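After this come two complexes, each holding chain A, first together with chain B and then together with chain C.
What follows is the complex of A and B.
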């Protein structure tokens, strides 16, 4: 039975101790993974910051040539790409999310620790790929938004965009794995008693952010895959002369891009919702409405992407719809701002640096939000599009919102993470220089934007009247640079000799403050029983409110350390370290590198490493495929195994992936300017393939049923049958593709052929992966390594297989049987 | 033989072979109906709605019975259905947006 968190023995090695270099390279501890995210993000933040300062130097005076136009383009591209994909998201999710989710929900780790390590290594590989242009081929220079058809090889030859495409594909994969992991962790691994409405607001924000990641990133992945095909295999997904439209990229990009803003903003809201109550010494005002607001913001954020595209001419109906949803999103956002203010109101305030940054975030983000509402109105947006007003707006949102929150989080949770305090005095200097530098840099951009200064401009004429405000902005940028220099100094000073941090330096409210600073590897000696919101506060003071506080402050209430009861921690088994995440990431990086430098043997070597690593991970632990039975920690998901939730989350994300592919096919199938169209499709053959795939699903469930009842003979027969039917389906697809080639329809023939081959080919690749997965299980069954106790392995593979089947049901209908129905 | 197989320590019940075979029969019949509708020219005016209904029925049968959503409770259904719904919105929105674009763009060439 779960119990109150008991104090730990006097000497507990922290998660930072032991293991050496190999320990860090093979770690799957969520806290160590978080620290590695922190280190890489701080490194890339220095890069991105220096690029921003170089941009401001170039704009210091009119007709300046401090940078060449090409270098300027590369710097603003890499500044945006770096700050979004390699700094803000890794800090919010990889660093803070990783470190805090298990600690705040009372768990010992995330649901999939090895997947978590893989996410980090993939993110690092992505960062390296994105920056390899420094060495060969030049830096990407088409903007962080990479608008087509500027990114086509015809307009941007060389390797620069190749690095960008492959780097972002790897980064996106890493982020989706993180989202899947966090979602499963929060659903299934909360401590007993922690209902959804008792979760810390930071956890709420990450729960919703994870869902948003799973449904937003596949659209970017598809957009990047099309671009990759255009650049590497000569297709024309974004080439107007082939009948395609570059607008497709904009839709796919902003389908990801606007939810991405909230993927960065929602965790920031969560941070502020943790910091403000602690330093106001009040519970968060309007907790339920804050939680519902997060959900509503996320839901609406998926339907507002068009406000980035008013200038493309989507028509009055679409403009109106996107304008309305964009305006509506201000309502739940406003609820949050007012709730934070109401929490501060009447509180017993402690003016720490963390609280300063939190208050700063409310003010600066609100300014960004207000200018955002202007963009929701199509006529006003048309005046502001591509002007510096937009640059001002999104920096108030992403720097004023996300970065201020991140800095607040640093000062708040740093003691827990490192066991040392950050300097408050230098912190205050850091805060005020940041506020001054930030506003001096970005507020004048509203004005020069309204005066007509275009964004992404390399230089400007002296007669435009923009000189003085640009010089002011550059001064502001250097003040901001000094502020961040102080921040890095503060971190360095803290690490080498900062004041030791107690377990609960801020008199915190959530569970992480019940652990030592820094926490041990296992987080909690005993899994806590949660009795309400602000779980740690209630454990400290009961529900006595301020009277409890008074008793605590006067020393009448025993602290946990005073009530220490040694707990046996020997029985706690944490998962063993694994080298596979690192090896698999190296395989992925090798594949990307080989693709870009056009050396396909390298790609094959990388692919082999990836496949072997996946199989190795599958069988790494002796209890693979068995239901988890943690006697201390019954899953909060009603008994459903975390792996099952994980595979369903992945399948959910795949729905959006295939929806993006299918919608592109429908849009493009009738727009070819030459060559064959849908009439070439072979209905009798694919009808046969459809029957085969449907029957393979039947065999799959029969295999699962046989495994669950321990019938090894039929387990092998049905599994073998499923593999065989899968292979027959694949053979049919190979035959179909080959016959099309003989009839003169190749990948690059026209829009129909390329969208057909990519859609059906990706489905075929999923079938091939399924066949490989089932073949491995078949070998395990034939060698006696499967059986009833490992039925979960078969069930997970089966879910994937059935999903491949239902996708084919849709493809068969929309692609083959509706071939005579014209597309959009 | 019982049609209900007891799994997961008695917490979740999955159907047995008989149910799976019945579902397979339905899938075969529905697929045959789809192909028939495709080849019968008299049904062309209702081709799209009929095919969508038949495909949706097949999709639902596989998801509910073979993927066990009917038996595994609301949580997994929610994890699947919400992204599925958003995917559907995306599909429809893109088709409509490009339909407008196609009708209002200058002819190619």
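What follows is the complex of A and C.
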């Protein structure tokens, strides 16, 4: 295929050209979205970094008063929150993931480009909400883990924690949308021939990370929703005196929080697995094992959250179980480290800055992994948890692992992203200062932690013997600060006059290097045919390493688009820009702001904006309900429409959402201190509602069948029937809720009532959304816009509707029917 | 194979263990009173031996990784531009099995003693003859209630060589009880009673500190544990039960101070047996007998007590105690009275 490089068929403007400021605000190009993620992450990284420096200044000597206790607490909270939610995740997923997924799998964009833009704007809104405490109410100050019940309004009365709760809810929503988008993209939009076992390892890591996001974030969302209800609506989900337990927060938080560690670590592993083969001029060692180990790590990471809670008194059985599962993670992680070293072994090494950072990551991350084994041993952890030893450990994992990988990725992919090289000379300085600064800052923390210094303390006594090492750490932090300053300078210099980057500066192996630097908006003039792992390498050199070399060496760098037959790039169909993601995010931000400053009119304005922008988005394309995809990709490489995969992914995520709500209900239903309990439930009435809802599923099936055979009359009847039955169910619920109110059971009455209302209420909200969705389809059917060709639209609504019904069957069984069983 | 091989292994292992033990011992507990590696109880000893085990394995694994890394980067590879190295395989089943099973075996070696220690350190019932002490963690100070009715604040006294069972509870937020030399930490969670069981083996004073972030003055929630000989402990316990030592009539200043106290708002929160019934703040009945003040933050000297009473917020931001606006002479009298409460 790459036989004869040809001159450029036409000028290919890069994705960065044109559009002006409006072009950026309305962009849905995955590469532009990535660049906006980058800009926002670099901005917040400066904040998080300065907060860290201020922390180190305060700890310079005992009984220091450089910062007040309140400021110090706010700074360590915001340092953690910022670095995790606004820097590392956006850099790994929003920036690198967004930019590289389509380029590495041979696609023109992600599966849902507008959703992608929405993710970014929501992430930015979340970052702003988290920082609005500077203006009013103070910065959040309860730690990034925000342990209940310290976060209850009684103990933290101001607005600070409100900003935190709402900011994280918005951020979590953005991340889940990203996970859903990435998962669908990777499943559905791989170029022909790119089987799973031919995907670049970075794509493998993002595939698994996306699944992890979808199943981990709902737990955090539920935890935050409970906290939001406690703070704003006077419920008692974490209040011990009401019979609840603050430990519930820890379970929900770490059920999210430990997978979160791997959401940050797996993409970092993926980056290293790309950089090392390129600069060793060797394929990745043990590719299948590397892919399986990613899957295994993700699987195990979902069952180890308790190792954050060894000190809470879970009992010896739970302690042992979590200790074993935590230790097991070391095995697949070890496989990765050894395989990277084996990749370097026998390689022909090109010692670039990107490679330096990748090699540095292997060693620094190994140290973090080994101290992790100590924490997995529960008794040892009891001495180390909440001490500086743990601070050392997770900085070796998150800085030595994730941040080193991110920096490596910067030097590696920057030329592709901007079309300019980063300075190698200044880069080497940056690397060595980072290594020195990082180790001088964080290694002594192991020792000072072993000497008993607790974390999150704004001051310490002079008689503890911690002073000298703290001073050493502060010196290290300043070295690290200089290193980052060099990094920002390097970026700046490259942008204003860096050396122009060729298409393939590193003799790369994956598809992104086949496009010009920076790539055109449509990425590939023709979608490449994939013949093996390291797709671009095979195209350049052939499988045996001979074919194609002559062509490659003969002068101009070939690009796939040039190598293929001339293509009229003018006619590549790309989705049109949209302003609605931005407008909708502003609406969400307005709602959050109104809620916090207690001005409900602002909430309503925000809600109206959100609803209008959803409607606007629905009608944006003349082709109603059909997002304008590249026709080559619908249906996808797997033969299934991307929207169907998207809905299934969403349903998977919703399962965890409802599972968390249901588990909470089961734990809390009989722990109320006062008031009515489960006996209040009206089982005969609800049985009727349940029957109606189940029948609506049947009507839904009939509606879809009618649409598929093009029967417009029955399509309207069955759809109308489904909507009607949904409405009857909702009316039943409204009646049930009001009668409970009359009998004296309100939301805040006791633990039973609050977990009942929140669980059943959230399900009711899902039904209501379903009714709205079906009503829109009904209107379309009435106006004759819902023909056979749009059967998929009905099918998608149907999938959602059936899911909501299935959830109701579970709720009906566990909440209502179990009451009739004695002793349940 | 292999008596000799095993011998050699155990010699290496023993040497390494001794080296690590010496390193730990180098961290003298007098210079670093919160050190986690100078065990003074059975619990702390178990943790220590597990800690040394895992450290040895970690060191071995790190040495293997670093060696392989150095060989790969500096020995068995070439640089671009040099003669290309001989092609190497891109996978090797044998190697991959080795580096999967190897770590798995190491983890097995670690997990067995781990689980043994977990169960040994969390007995379901109190050991025979255990002294059960209720520990109440407040924002931001510690209350210790003894089964015989004795009460202490911020300074815990326990007898040496007798099983101690601490019952931990919190009326406000989550705290964590931690005396590093006596063992690992245990969270204090509102709504549940956690337990910590150990036998202190060496008399002495061991500082501790709250280890779970509990709000504004989390850093100022410290305390001291005194491991006393049985006789000293019995004596201390008798004194606590006896109520305050009467202020000698000759000490005019202290007698004036008693009046200042009785007329002050102090009485709403603080108890002095026979004088006031407050219970929100620490019991002051034996205040003069304590070595520290404000939950281990200051040494108990008259100057520090005066400083504390004048403006507690400066020493412990967020504390419930308001500044007491007393003229100098009254303040001095109050301090003298409090210090006389042995």
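In this section, the second predicted complex is superposed on the first by the 774 of 824 C-alpha atoms of A that agree within 3 Å, B and C clash if a C-alpha of one lies under 4 Å from a C-alpha of the other, contacts with A are read in each partner's own complex, and residues count from 1 in each chain.
Convention: a contact is a pair of C-beta atoms (placed from the backbone, for glycine too) under 8 Å apart; a residue touches a chain by one contact, two chains touch by 3 or more.
Quantities reported herein were computed from a predicted structural model and do not represent experimental measurements.
Colleague: Between chain B and chain C, whom does A:702 touch in the aligned arrangement: first, second, both, or neither?
Modeller: The answer is first: A:702 touches chain B but not chain C.
Colleague: Where does A:373 make contact in the superposed view: on chain B (first), on chain C (second), on both, or on neither?
Modeller: It touches chain C, and chain B stays clear.
Colleague: Could you tell me if A:653 is touching chain B, chain C, both of them or neither one (first, second, both, neither)?
Modeller: first
Colleague: Have a look at where A:302 lands relative to chain B and chain C in the superposition and call it first, second, both or neither.
Modeller: So A:302 only meets chain B here.
Colleague: Thinking of the overlay built on chain A, is A:315 touched by chain B (first), by chain C (second), by both, or by neither?
Modeller: both
Colleague: Look at A:214 in the shared chain and tell me whether it touches chain B only, chain C only, both, or neither; answer first, second, both or neither.
Modeller: Only chain B is touched by A:214; chain C is not.
Colleague: On the A-aligned overlay, A:803 touches which partner chain: chain B = first, chain C = second, or both, or neither?
Modeller: After superposing on A, A:803 lies in contact with chain B but is clear of chain C.
Colleague: Could you look at A:347 and tell me whether it touches chain B, chain C, both or neither (first, second, both, neither)?
Modeller: Touch partner of A:347: chain C, not chain B.
Colleague: Return first, second, both or neither, reflecting whether A:692 touches chain B, chain C, both chains, or no partner chain.
Modeller: neither
Colleague: Starting from the residues of chain A touching chain B, keep only those that also touch chain C in the other complex, and list them.
Modeller: Touching chain B and chain C on chain A: residues 240-241, 243, 245, 247, 313, 315.
Colleague: Report the residues of chain A in contact with chain B in the complex, numbered from low to high.
Modeller: Listed in rising order, the residues of chain A that touch chain B are 183, 187, 211, 214-215, 219, 240-241, 243, 245, 247-248, 251, 255, 302-303, 306, 313-315, 317-318, 627, 637-640, 644-645, 648-649, 651-653, 655-656, 658-660, 662-664, 666-667, 671, 673, 683, 687, 690-691, 694-695, 697-698, 700-702, 704-705, 708-709, 791, 798-799, 802-803, 805-806, 809-810, 812-814, 817-818, 820-821, 823-824.
Colleague: Please give the residue numbers of chain B that touch chain A in the complex, ascending.
Modeller: The touching residues are 5, 7-9, 11-12, 14, 16-17, 20-21, 23-24, 27-28, 31, 34-35, 37-38, 44, 47-48, 51-52, 54-55, 58-59, 62-63, 65-67, 72-73, 75-76, 79-80, 82-84, 86-91, 94-102, 104-105, 108-109.
Colleague: Under the stated contact criterion, what part of chain A meets chain C in this complex?
Modeller: It is residues 68-70, 73, 141-143, 147, 149-150, 155-156, 240-241, 243-247, 280-289, 311-313, 315-316, 319-320, 323-324, 327-328, 330-331, 334-335, 337-339, 341-342, 344-351, 359, 362-363, 366-367, 370-371, 373-374, 376-387, 449-454, 456-461, 463-466 of chain A that touch chain C.
Colleague: Would you tell me which residues of chain C are touching chain A in their complex?
Modeller: 27, 31-37, 46-47, 50-51, 54-55, 57-58, 61-62, 65-66, 68-69, 71-73, 76-80, 82, 84-88, 90-92, 95-96, 99-100, 102-104, 107, 110-111, 114-115, 117-119, 121-122, 139, 172-174, 176, 178, 180, 183-187, 189-192, 194-195, 207, 209-220, 222, 297, 317-318
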